[in-house]
Each structure stands twice: as C-alpha cells, then as structure tokens.
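One chain, chain A, links the two complexes that follow: it is found with chain B in the first and with chain C in the second.
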Partner chain A sequence: MVSEISESFSKTFKQLIRDIKMQKLDGSYNVAVAVVNLFRDLVLHEKWNTAKDLIFLMKTCGKLLAKELPLQTSAENMIRRMLKIVRDEYTTACNEQQEELDIQESLHKIVTSEEEIDDYSKTVAELKESILDHINEFHMELETSIENITKEAIKHIHTSEIILTIGKSAIVESFLKEAARYRKFDVIVCECSPLKYGQDMAISLSNSKISTTLIADSSMFGIMGRVNKVIIGTHTVMANGGLRAISGTHAVALAAKYYSVPVIVLAGLYKLSSQYLHSHEDNFNQFTSPESVLSYSEGVLTSSVHVYNPMFDYVPPELVTLFISNAGGHAPSYVYRLLSEMYHQDDNDL
Partner chain B sequence: MEEKSREEILAERKLRKVAKQAKKKGLPKTQNESQSTENTEIDCARENFDKLKISVASKVEVPPSDSKKFPVSSEVREIRPANVQKSVTAKEEKSTPSTTERKTEEKNNEINSDSGKSKAQLRAERRAKQEAQRALKVQKKNDEKVVEKKEKIPAKVDTKKVSSKVKVIDKVTKSNDHHKIKLFCHLHRNASIEEPNIINSDIHKAVIKLGVQYKNKVIIGSNARVIALLNALKQVLSDHKTPAEKDFSRGFELVLAQIMIFLNNCRSSSVSMINAVKFLKSSLSQLPNNITDHEAQIKLREVIDDYIKEQIDKAGEAICMMVRNKISEDDVILTFGYSSLIERILLESHHVGIKFRVIIVDAGPLYEGKELLRRLVKNKLDCIYVLLSAASYIMKEANKVLLGAHALLTNGYVMSRAGSSQVALIAKSYNVPVLVCCETHKFSERVQTDAFVHNELGDSEQLMEGDKWKNNQYLTPLTLMYEVTPSDLVTAVVTELAILPCTSVPVVLRVKPASSTSL
Partner chain C sequence: MKANLEKEGGLQAVIVADTFNRNFEPASSCCSLLPLVNVKLLDYTLEWLNMSGVDEVILFCSSHVNEIKLHLKDKVYLSIDVKVLVSENCYSLGDVMRSLDGYAVIRNTFILLSADVIGNVNFVPLVEKFKSIQSVDKEISMMVLFKEVGNQRPELHNDFIVAHNSKNRIIHYQVQKSKNIELPMEVLLEQEFVDIRNNLLNPGLAICSVAVPPLFSENFDFQTISDFIRGLLMNEEILKCTVYGEILKGNQYVARVRDWPMYQVISQDIIRRWLYPIVPDLLDKYSYKKNSTYVNNATFSKGFKLGVDVVVGAKTKLGKNVRIDRSVIGNNCTIGENVVVENSYIFDNVKIEENCAVRNSVISHTCVVKRNSIIDSCVIGPCITLNAESKVNKKSLVSKKLTHKENLAPFSDNCYVYANSDSEDEESSALVTDWAARTNFVYDDSTSDSDTETVSVDEALVEDDDVNIFYNEVEDSLSRGFSEKLQCENLVLEVNSSRYVYNVTVSEVNFNVIRAILNINLSDAGNAKQMWQHMESKLKYFLPIIRNYIKDSRAQRDCLAALEDVTASYGQLKMVLVKIINYMYDKDVLAEEAIVAWYNELSNEEIKTCLLSFIQWLNEAEEESDEESD
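Right after this comes the complex of A and B.
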C-alpha cells in the first residue's frame, strides 16, 4: 500500500513553502523549526502503517521542498534528520528483542554483518509513539542549540580582545552578548555593503553596551592585523567543511588567514548540509536586486553595464579554524563524521 | 588650635578689603607696620601685589592669581591684555602662589621676632590663612569661568570670532571623544588648529582655494592632487615678489613651506605632492643668488611644466604602452576604484583596438569606481560593476588585475586606496596576476608595514548616518582612506622605467634623483 499525502497537509505544506519564499519566515533557524513542526504533524496525522510508508511520504515532501527551496538547506537538512530518526527508531524497535543496538557502526561490524537489507516494511508496535518522542526530543535540541552555542562564549573570548565579525547573524549576536556579560572586549563589524546588515548588527551590539566599531568593507584588510579572532555565522556548512556565508566572508577569511587570525564559525547542527557545493555551481548562489549596487537613478549607465549582487560567498574549509555547534567545537575535517552521525547514507539523495 | 573660626577668617578678609581700598586711594603703604601680624600680612600681600602689578604692566601678561586673593576682578580685567591665553593663566596660577607664600613666610618670621608670638600659633594662623586663600581661589576660578563664558575675552572682532569657533570645535571634539578608537587616536585631526591659519595669513588665494578643494575631496587622486598643486604654485610664483634684501630662492622657499603647512592642515599631503615639492625645492636651491624675480619665475615655471610633462604625463604614456602589451584579446581586466592612470591605460588599449572586458570593483564610502565606470561606458567599453563584497564571486571571471597606487614605499609595500589589498588578496587566492601601475614620482622613501601608523580617516557620516551613532557611546563608525598592500600580494609593478617587482623600489629611488635633477 502506498500512502498519499492528504489534502489538508499538502495545503499547509505549500503554505510553508510560500512563506519561506516570500521571506515571511526568515532565518535558517526559524525555517528548521517550522519544518520539524511540519513533519511532526505528518507523522501524527497522516495515514501510514510501516516505516517504509512513512519514509516514502517524507521523501515525497522532501523532494518537493528541495526543489522549491534549493537554497534553504536547513529545511532539507531537517528532512534528512527526520528520516534518520524514523530509521533509527525502526531499527531500535526491531532489534530490541535480539540484541542491544550498537549505535557506533564499527568497521568490524560493517564487514562481518550479514547482508540483510531491511526495507523497513515490518510492522512494529508503538513505532509512532517512539518516533514522536524522538522528534520532540530533537525539537528540544533544536530549541536549545543557540543557547548551547552561546554557553561556549566565555571559553573563546578573553578580556580586551578585538573580535571581527561580518554582517548580521543572530547566533553571533547572542554569542557576543553572552560573552560581554563576563568580559570586556571590542567588536569590529564589517558593514557588508550593499546589504548593510552590519549596521543592524553594530547597533544591536552597541545597545548591549559592547564597544562596537562599524567599518567599511574596504577597511577590513587594514584592520585585520590587529584583530584577535574572527567570529562569524554562516548560512550553510557544506559536507567538506566549507561555508556558504554572506558575500564578503571569503575576503574576511582570506585576510584572517593572511594575518594568521583564527576564524571561528558558529553554526547549529541544523546548518550542516550533506551537499558538496562551491561558488561555481548553479545551486550555490542567490542574486538579489542590483539596485543597491548601482542605483536606477544612474540612468543610461545602468542599461550598458552588468551589475551583480550575489548573496553568498563560498569559503573553503582550509580557511576555517573551528566550528562551534551545539555539540561542541569541531575542526572542519571532522564535519564528515558529524554528517554520518546525523544523516543516514541512504538519504543523501532524497 | 588647628583651625581658625569663621569669624576670624571673615575678619581677615575685611581687613584685606580695607587694605585694598587704602591702596586705591593711594595711601602710603608703610602706615601701621608694627601692628598685629594680620596687618603686616596685608602689607606684604599688598607689596607682592604691587610688584606683580608692575611686572604685569611691563610684560603685558596675565595677572597672576596671587592678586585674586583680593576680590578685585574689575581691576584684574583692566590689566588683562586682549589676547589672553588660557594656558598662560594656568601656568601663572601654578607658579606664583608658592613664591608669594614663601615670601609671606619670610615676612612672618621677621615679625615673629618682633611681636613674640609662639611658633605654633603662627603656624596655625598661617595654615588658616592658606586655607582661606585656597577657598577664595576656588571661588574666584568659578567666578572667572562664568565671566569668560559670558563676555569672552575682549579682543579684536575677527580673533574673537575665531576663538569662539575654536571653542565650539573644542566642545564638539570633547563630546565626540568616546567615538575615537584607541588604535586610531593619533589619526584624528585636531580641527581647532587649522581654522585660524587662514585668517590674517598671507597665503595666496589660489592655494586657499586648493586647500578647500582638497579638504572637501573635490580634488582626489594623487595625480590630480599634484597637478593641481603645481598649477596653483605657478600662480603663486607669478604673484610672488621677493622682499628687499632677500634672495629669491630663500623667500620663495619660505612661502612654499607655509603653503605646504596650510595644505597639510586641510588634508595630509599625498606622497606625490611631497615629492613634487621636494623636487621644486631642490631646483630652487640651484638658482643663482643674483637672479632677478622675473628670470627666476620663468625658470621655475619651466621646471614645473617639465615636471608635469615628464614625470606625470610621459610616465603615464610609457606605462600605458607597457600595459597595453600585456592585455591580449578577450581579456577580462579587473580593477578597483578609480585611478587616472588605469583609466588612461584602459581607454588607450581600447582605442588601439584590443577587445577586452573590464570588471570594476568598487567600495564605499567614496565609490570612486562609479566615475571610472561612467567614463569607460562613455567610450563603449564592456563593463561589469560590482561592490567589494562580491569581488570573490566575480574574481573567477577575471584574468588580470590592474590596480592604481597612491605611493610605493621603500619596503616594497604598495600604499593605495583602502580595499585594494583585499582585491589583491582575493586575486592571489584565485591565481590571478596583480599588476600595480605607478609612476616613479609616487615612489616614497617612507617605510610602513601596516595601515595604522600613517593613514587618513574617512568621513564616518558617509558610512552611517550620524543620528544612529552620535548618541550611542558604544558605537563608532570607522573608515580608513588608505591601506598598504604587502608586496607578496602584488605580482609586479609597472613603472615608466620597466615592469619591476615591488621590492625594486629602493633601487629606483637610488637611481632617480640623478635623473630628475638633470631636467
């Protein structure tokens, strides 16, 4: 039996996609939470009998979501995470009678294990309840992720440090504010022209009595020589540890590398993507209106010039010193391991 | 024992008043010399005052604060000359009281033997007196501040205006103190120094005009600035008259120095300007002593014209030719901001018939690249325009980076508009060669390794509207005008002599003086 998505669910699903597209729902954290809530509803209200059915349903939704919102990687990530939860709960329930589940998939186990491909079609008792429990647990984890990251703040910022950041990131903001409760330090914010997110960030930080300096993008390299740490947020962490971050970040990371300044990236685990993309690929970037780069009032000029206003930069993993996620700090080289823990390999292609 | 009662102090004051009135009436000062200590005290104080008065009258200086013991503010103001300087007052305040006190002490000691008072008593009296003096002084100071605020220093009309202006500026800078970043405190220009220089100075009006243009960034770019300076100097030259019994070269050198100080106050001089003036000075010193004004003017005008022609124009032409050979068909040239030389290179290469595209990377707060874009588009060049944050995105399309420079430093670092280093850095990460185009007249003997020591601050208002940060002491916008690009980010420097590595600057500088003096 192949389940179909009910009409009411597909309606809310499409509404969510629309909201994200229209930027009514903004920020990768909010998107992630919304997607998790959506899938909880799916598990709860849709008709399904076996884990196989459920996985099929979720994948159908996931494909649509990935197609409609190619840049909202956190939404996609959440689907993969949900799928992993379903798979985990199923295997746990199946193996309960036989043996205790070894979460760690050791090389020995992989080699010696019997070649039995489970297609998740067995009917397992109380699967729904355990999946819902697990999802709720995950929801909690998501909610506390920012808090967990900010808790690390005082471990990374010492007194009278000069910290440089770029653009506006909610997580960096709360991270610095948390550190400011215990330490006195200076923050330099790159303006991030033409979108000028840096201005909002600088105002917000200064309102929390952190001594903040807003600099033009052009002054960044000159100032980097005196910066102790670069702390940035990111839109996505790629599977290789590279970043898709606001445009201008690559230059910041390069300058930091040039002056041997550590670059710390704050990212909740929900930003970890299983994709390997870089700036030359189609799905990577998003372009916003060039109006802010070259105003329409320039007249003739605008008609004879190509103007670009890309949103993102690709930052290669070798420029990143450290990731701080809700699971602690990791080197970029460790990202692959986190990936295998969080997502099931069968879900890499939805 | 330790402190005198209020009544006693009051009595003392009264006595002093009496003494003062007596003095005003011109009574002989030695009247009741052998009376109580208090009286002698008054006398000695009066004596001091008289002495000081004389000294003040002779030196035309600020009355020392000692006189403030007496509530004679009206008199004090009479004596005070028009151009009082606060600092002088402060100095006097510090130095005089101690001496007068010492004097009174000596006097007291003399009296001590006469009147037979106990030492302890005297000491107590003295202490009480000093305390009273101190209290009075504080009161007096406060009074004076009020007076100063209200009526200002009586002086000539124009200087008064200036001083009030200075005060206003002072206040502004004081309130903005928390908007200064520690690392850049030395770069904040003291706005109050430059104002009074314009008035009452004999600086040529062409130079004043130039200064204003520099200050308001009407003339920017090191080539434009040096050409404007040399043209202004030509005007100054033709209006210059050597004062009697003076050499032409000496006289003009003085004028030149004055001009440079003035212009430096408007905006710190560019390296190109400094080099040009240095060259002019050396030509001045080579003029014969008995040269007439007219001859010297002709000669110097020639020197200036030659400098513009050889060092700037011809050099530019040579660089154009060299870079043109490096631009091949279907190239994509990336450039940053605006440089007159880069504009010339691109336009000439275009006119020769090479087909290439140009990517202009621009950055705030000046957005000079827009001007380059406008000029290139006018000449039908194929252009892409992006901001600095998108440089990393667009760099993969470029296959050459051409940058202008403000100056080349002896250690091989390139001083240029802020943002250039970022472009060079990104270019390096994409393996795109970076060519810096710079005439040798911009080579400097200075060495610098960071953007902090010697730099210029941009206008913070252009970065962020004032009302967003002026009232927020924790927020400071900052823009730098220049930065130094380390030589390892630059592939080569194109000069009129050759295409060289950055590190060849000292070699060029060593060769250069000979060639430039031979002009």
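Right after this comes the complex of A and C.
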C-alpha cells in the first residue's frame, strides 16, 4: 500500500519550506526544531499502518526538503535522525514480540527474523506511541543541547586566557557567558566583515561584563600569537569533520594553525551532516546581497562591477582540533563514527 | 512588537494589481503577470510580503481578474491571507483608494504598493516607527519609503526633490523639471534642519494610516501617491495631515518596474542579488554559477558559451555553439545552433531556430523565430511567428489575434507593427531606441558621453511639457474666440480652467496668454501697415483679456517678456513692436516704469534699436509731466 500525503500537511510543509528559504525562520537550531515538530505531526496525523509506510512518507518529504533546501543541512539531518528513530523502534518492538512468542532462539530463526525486520512491513502494536515517545525524547535532547554544551565551558576556558572568536554564534555566546560566571578571561572578536556579525557579538559579550576587544579581520593574524584558544561556532559539520562556517573562519583557522593555537568548534549534534564537500559551486555556498561590500547608492558603479558576497567558508578537518557537542568532545577523525551511530546507512540517500 | 500588531488584527497590505499604463505592451498586457527573470512580477511582491511580517494582503484588480485569480490558485505555500477585491471602473491609484474606502476593509495602519513594486524590506520595524511617530504627531497620514540610488543613474528617474526636516517630515516635494532647483523660502526659514535630496528613487511604496482612503475620497483629483503628497503639502492647514519620508538603509532594496529601461535595470539587480533573499536560486530551483549565471535543469550542447548575467530557465534546450550574454531565457525554450542572444529577455516557450541573432530585445512567450533572422532593439508580442531570414530593427510587433486595434501596419503574415495609440507612435519607437541607448550606457563607457547628452535633451523636452500643452490650449481657444467673436469673459474662463488642469504658475499664464494673442494669425500679415491693422484689431478685441491678466508690475514684466519672446522668434514683428507697446501704454496696460526697466535689461540689440526713439519719447514725456506737476 502506498500512502499519500494529505493536502493540509503538504500545505504546512510547503509553507515551512518557503519560510526557511526566505529566512522568515532563521538559525539552524530553529530550523531543526521546526522540522522535528513537523515530522511529529506527520507521525501523529497522517495515515500509515506499518513502519514501511511511515518510512516511505518521511522519505518522500525528506527528498523534497533536501532538494528545496540544499543549504539547510540541519533540516536534512533531522529527517535522517527521525528515520533512524522509526527504524530503531520497529526493530526493538519486533524483537520484543519475538521474545514473547518464542524465547528460545535458534540460528535459523535469527536469520529469518532479520530478513523480516529489514522489510519493516510487519504490523506492530503500539508502534506509533513508542515512536512518538522517542521523538519527544529526541526533542528534549535538542532543547537541552545548548545547555549541555555550555556545561563543558569551565573545562576548556581557564582564568586569564585570551579567547578568539569570529562572527556571532548563539552557542559560542552562551558558552563564553557560562565560563565568565566562574572565571575571568579576555575575548577578542573578529568583526567578520562584510556581514559584521562580530559587532553584535562584541556588544552582547561586553554587556555581560566580559572584557571584549573587537578587531578588524585583517589584524587577526597579528593578534593570533597572543591567543590561547580559538572557539568558534559553525553552520554545518561535514561528514569528514570539515566545517561550513561563516566566511572568515578559514582565515582564522589557518592563522591558528600557524601559531599552533587549538581551534575548538562548538556544534550541537543536529549540525552533523552526512554530506561531503564535492564542489564549491553547487549548493555549498550562499551568496547574499552585495550591499555591504558596495553600496547601491554608489550609483553607476554598481552596474559595471560584479560583486560576490559569499556567506560561508569551507574549513578542512585538519585545521580543527576539537568538536564539542552535546555528547561531549570529539576529534574530527571521530565524526564518521558519530555519523554511523546517529543515522541509518540506508538513509544516506534520501 | 509582533504581538502588538497581532492584537490589532494583523498588518494589512494593499496591492494595486494594475499600473494604469500600457508601458509593457505588446509583450504583456497585464503588468502584474509580466515575467521578470522568469518569475511573475506579482509573485515577487507576494513573496516579499510573505516574508516581511504582513498578515493579510488585499489584492485590488480592475482588469485581467480571471488570469490573476487563476494564478493565485496554486500559491498554497504562502502563509499570508490573500483577498482579491475587484472593481472594474478604476483608472488610477486614486480611484482604487476611493473604492477601497467604500469597501471598508482597512482596519489599521496598512502598506500601500502597486504590483510592479518589488523589494525585500521588512515592514515590522517600519510600521513600529510609523506608530511611534503617530504617538507624537497625531496627524501623520503617510510614510513614504525611498531608496537611495546615487545621483548618477539617469535610468532610475530620480527626478524629484524632497526636503525633510530633522524628524523626517516631508516639507517640500517637487518633480525636478530642469537642472535648477526652486525652493520656496519658507522651507528653509521655518526649519532648523533641512535635508534636500535628489538622489532618491520613489518606488511608490508607503505606509498609510486609516485616514488615507477617506482623504482620497474627499479629494477626487488625487490620482497618484505623488499627487497625494503634493496635495497634502499644499493644503496642510486645511487637511490637517502630515507626510513623512523614510530612506531605506543597508540591504533593503525596493524598486519599481515602470518601463523597459527600468525592467532591464531591475533584472540585472535581481541577477546580481541586490534583492537577496528574493533571488532565482531561492525562489526556484536554479543553481548559481560563476559570473552571475543561473541554470535550472537546462540541456546544453557542445560549444555553448554563457557570458555574464545569464539566466536559463527549466527544460530549455540549447543547441550547439549557442552564445548567450546578459540575457534571461525562459522555461521550455528551444534555442537552435549558432544562435547569439545578447542583452535580451526571452519569455517562456519560445523557439529560436539556427543562426539567428537576438540583441537588445524582448521576445514574449510562445513566439517562433525562424532560421537566419536578426532581431535588434525590438519588443515582440506573444504568439508571433517570424519568417526565416527576417530582419527586424527597432520595432514593436504584435499578432493580430491578440489586439483589438485596427489599422495596424502589417509586418508579415499575422504580425503587425504595434503602435501604443495614434499619437504615441513616436514615443514607443523612441522607447525601443532608448532601450538600446541605455544598454550602451550601462556596458560601454566610450558612448557614455553622447548618452548623457541624449538624456539632457530628454530632460529639456520634459521640462515644459505641461506649460507647452497649456500654451497650445490657450492659443486654440483664443484663436477660435477671435474668429468666432466670442465673449472675452468666456475666453478668460476657458484659459483659467486650462490653467488649473496643467497647474501652471501665474506668471507662466500671463506670459503664455500674451504670447498666444500675439501669435494668432501672425504669418498672414504682409507689410507693416497690414500687420499693424491686423494687430490692432486683435489687441482691441482681446483688450479685456489683457486687462484681466496684466494687472500689476510683475504681470507687466511677463507681458513684455512675451513680446520680446515673440519678436525674437518672428522678426517681422519688430516693425510694429513700438506701436504695440504704445497701444498698451495708451490703454494703461503697461506703465512707463515697467517699460523702461524692461528696456534697460534687454539683451537683444535689434529690439533695443527699434525701441530707442520710443523710450526717448517716454523719458521726455516723463520729464514734462514732472515739470507739469511741479
């Protein structure tokens, strides 16, 4: 039986896509939460009988989402996580059922039953409830992810250290503020031109009584020698441990490498993507308005000059020292392991 | 902030779907459905309002209602509520506002824009600003949004002057007619701080209070937002309304797709991402490549070459060795081998056969261009088939099926040269040439000098447009009155009514009335004697009119200036000039001080010598009269 997506769901789905695209809904955390809520509705309200139906439905939506929002990796990641949840719950439920029927296992039975599990087409009692419970649990995990990361702060930031960061990242902000409750240290913020998010960050930090210095991006290399740690946020963690982060980050990471300063990347697990960088041109970067580079009021100049204003940089994994996620600290080489833990291999291609 | 708005029933926006002009014919008769970079104009507007904090959209249509409704049907992804209101007999924005007043759908502060305005501005902070001004100044009725464009871009038509005071209140607003700016003294005297701008683009976008639709109803002569602003400023005391201006900063982009040159500029702006996040790769499934090229699922063949600023739509097939530069190609098009497309806009489902060249042109949807054709600086209407080897240059073509007009010059089978209307024929062809000229301006520096020249000529033409029409009307009515011997009082009424229609100043009226009187049947006269007879009869007949207008010393100066002007353009009048002035002096129309003062300032030596004896006589007469009075 092939299930169809109901009209009302498809409408809210399309609206969500449009809102994310047009940046009405902004920030990878907000996107992740919105997608989880959407799929909870899908599990709750759409018609499906077996896990197979549900997976089919989710994959159909997921494919569309991935196609429409190639840059919002957190949306795609959430679909993979949710598919994994459905698969896990089904497997557990099947195992339990089998145990009830026949506690004695033979080699033959294990082989045959595994084949059945792969199909996901058995009707399992209370599958919906258990999936919903698990999704709610996951939702909680998502909500507490920032808190869990900030808890690590005092392990990494020590008294009278100089920390360098770039741009404005919500997670780095709360991480530094948490550390400032216990220790006294200096923060240097690169302004992250031309988007200049660093300025907001510096204001926010100095408002919470952290000694903050805002510097131009060009002086970042000069100052790096005095820095003890670089702590940055990222948009996405790629499957090889590389980063897609705000433009300017690559320069920071290279400078840090030169001076052997550790680079610590804060990222919730929802930012972990199963994608690799294959081309800088196709759907890796986002180009914003040239206004901040060359103002429209410059007149004639704007029609004769091409201005590119990319939002992201790719940072190769060898420039990253440590990832701190809500599951603790990991080296970039460990990312592949996290990936296989979090996502099911059948879902890598949606 | 947002919660506050919601309590009041959400933010409303009114889109006027019609533009009340035919600037984009024959390519598209409905401006809101005109494709711009392969997306309909209306979609840009809706998309923008959807992301910018608006909750309800009122779409006001007066034509093409079914097409627009059909188009709206599959816009399910919009989270805003779109309401379509229809009123068939609206001919201007003013009419729309008046019927909007009748519908009574406006609950609170609303945003007013027309469907050809596109942008990426977030309205929530602007509406907040409007409300905070409102809490101080209860009389605020409108906040007009401007975009700073720099003053070296003539194609953006930044031809108006706005004066702001320190609170961003507009205290003066005028369309710039010449290179000189005229400001009333009180603008400078009454304010501590004045900001005078002519580098702004007025896209016709405003945040309005609930009082605006009733104001339009009360003042039935308001046709556009500019009329509204000027009207309010003129009658500030009576209407008790103020207008504020806001200059959009930073990434905020707005513009109005008014005509083909603007269409070209804005297409380029979209392609170069000024409108971010409303860009092709986010609106549709385009991928953004280097040199600002966008490709969506198109099929390419060997040897193709894409230049800069190119957009190729979905399912389009490009043949071998196709070269495209600075152009937009629609969806489902087929481009044959060795075709060159430069600086052109090709809409959906167009087929261009091999070895064609298309430059500086617009080809509307479902056209077929047969092989070896060359198209330059043309606008080609929908569903036209151009024969093989045809060469079209600087023409607008339309197919017979889609036009109701008769008497169109045939171009080839089922295809006619389009004229906007009888009198505007030159204008539409001028538009196409203009299009090509502008293109050079944008891309080719070497021609920029000559181009600025054309622009200034244009300006000069535009400058006295209204006054010229006024003069023609005055001359018509006066010569009719003269030949039919009508009552002079009635002629005065006629002149006055034309004066109000074209809004010309008093001194321009005086000047033009005298000029018209002098010019009537001027060339008929032969020698000096005949001419004077003719002139005398005219002056005698028109004396009541002359007396009516020429009352004070200022008016006398205008009158003499008119005499000078006519004499300068029609030399024979010199023969009777003295007699005319003497006649007017005798009839107490002109005072001797005015004549002498005018004479002293005269720069035209020929006229001066003509008048020499008369002035001497005048001076003597003056002395005599002085002696007498002693």
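Note that in this section the second predicted complex is superposed on the first by the 325 of 350 C-alpha atoms of A that agree within 3 Å, B and C clash if a C-alpha of one lies under 4 Å from a C-alpha of the other, contacts with A are read in each partner's own complex, and residues count from 1 in each chain.
Keep in mind that, in the parts below, a residue touches a chain if its C-beta (ideal position, glycine included) is under 8 Å from a C-beta of that chain, and two chains touch if they have at least 3 such contacts.
In this text the structure is predicted, and so the values were computed from the model without any measurement.
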Overlay on chain A: chain C relative to chain B, clash or fit: fit
Winner by number of chain A residues touched, once chain B and chain C are compared: B
Chain B versus chain C as contact partner of A:182, first or second or both or neither: neither
Contacts of A:289 with chain B and chain C, given as first, second, both or neither: second
Touched partner set for A:334, first chain B, second chain C, both or neither: neither
Angle, in degrees and to the nearest 10, that opens at chain A between the C-alpha centres of chain B and chain C: 70
First, second, both or neither for A:251, with chain B first and chain C second: first
Partner chain in contact with A:304 - chain B first, chain C second, else both or neither: both
Touched partner set for A:276, first chain B, second chain C, both or neither: neither
Distance in angstrom between the closest Cα atoms of chain C and chain B, superposition on A: 9
Contact residues common to both interfaces of chain A (with chain B and with chain C): 298, 300, 304, 306-307, 309
Of all residues in chain A, those that touch chain C in their complex: 10-11, 14-15, 17-19, 21-24, 67-68, 281-283, 287-292, 296-300, 302-304, 306-307, 309
Touch list for chain B against partner chain A, complex: 181, 183, 363-365, 370, 373-374, 377, 383-394, 396, 417-419, 421-422, 425-426, 429, 450-452, 455, 458, 463-464, 468-469, 472, 474-480, 483-484, 486
Chain B contact footprint on chain A (complex, rising order): 191-194, 199, 202-203, 205-207, 209-223, 225-226, 246-248, 250-251, 254-255, 258, 279-280, 285, 293-294, 298, 300-301, 304-310, 313-314
Chain A-facing residues of chain C, complex: 47, 50-51, 76-79, 120, 147-153, 199, 250-251, 253, 265, 268, 272-279, 282, 285, 287-292, 308, 442-443, 445
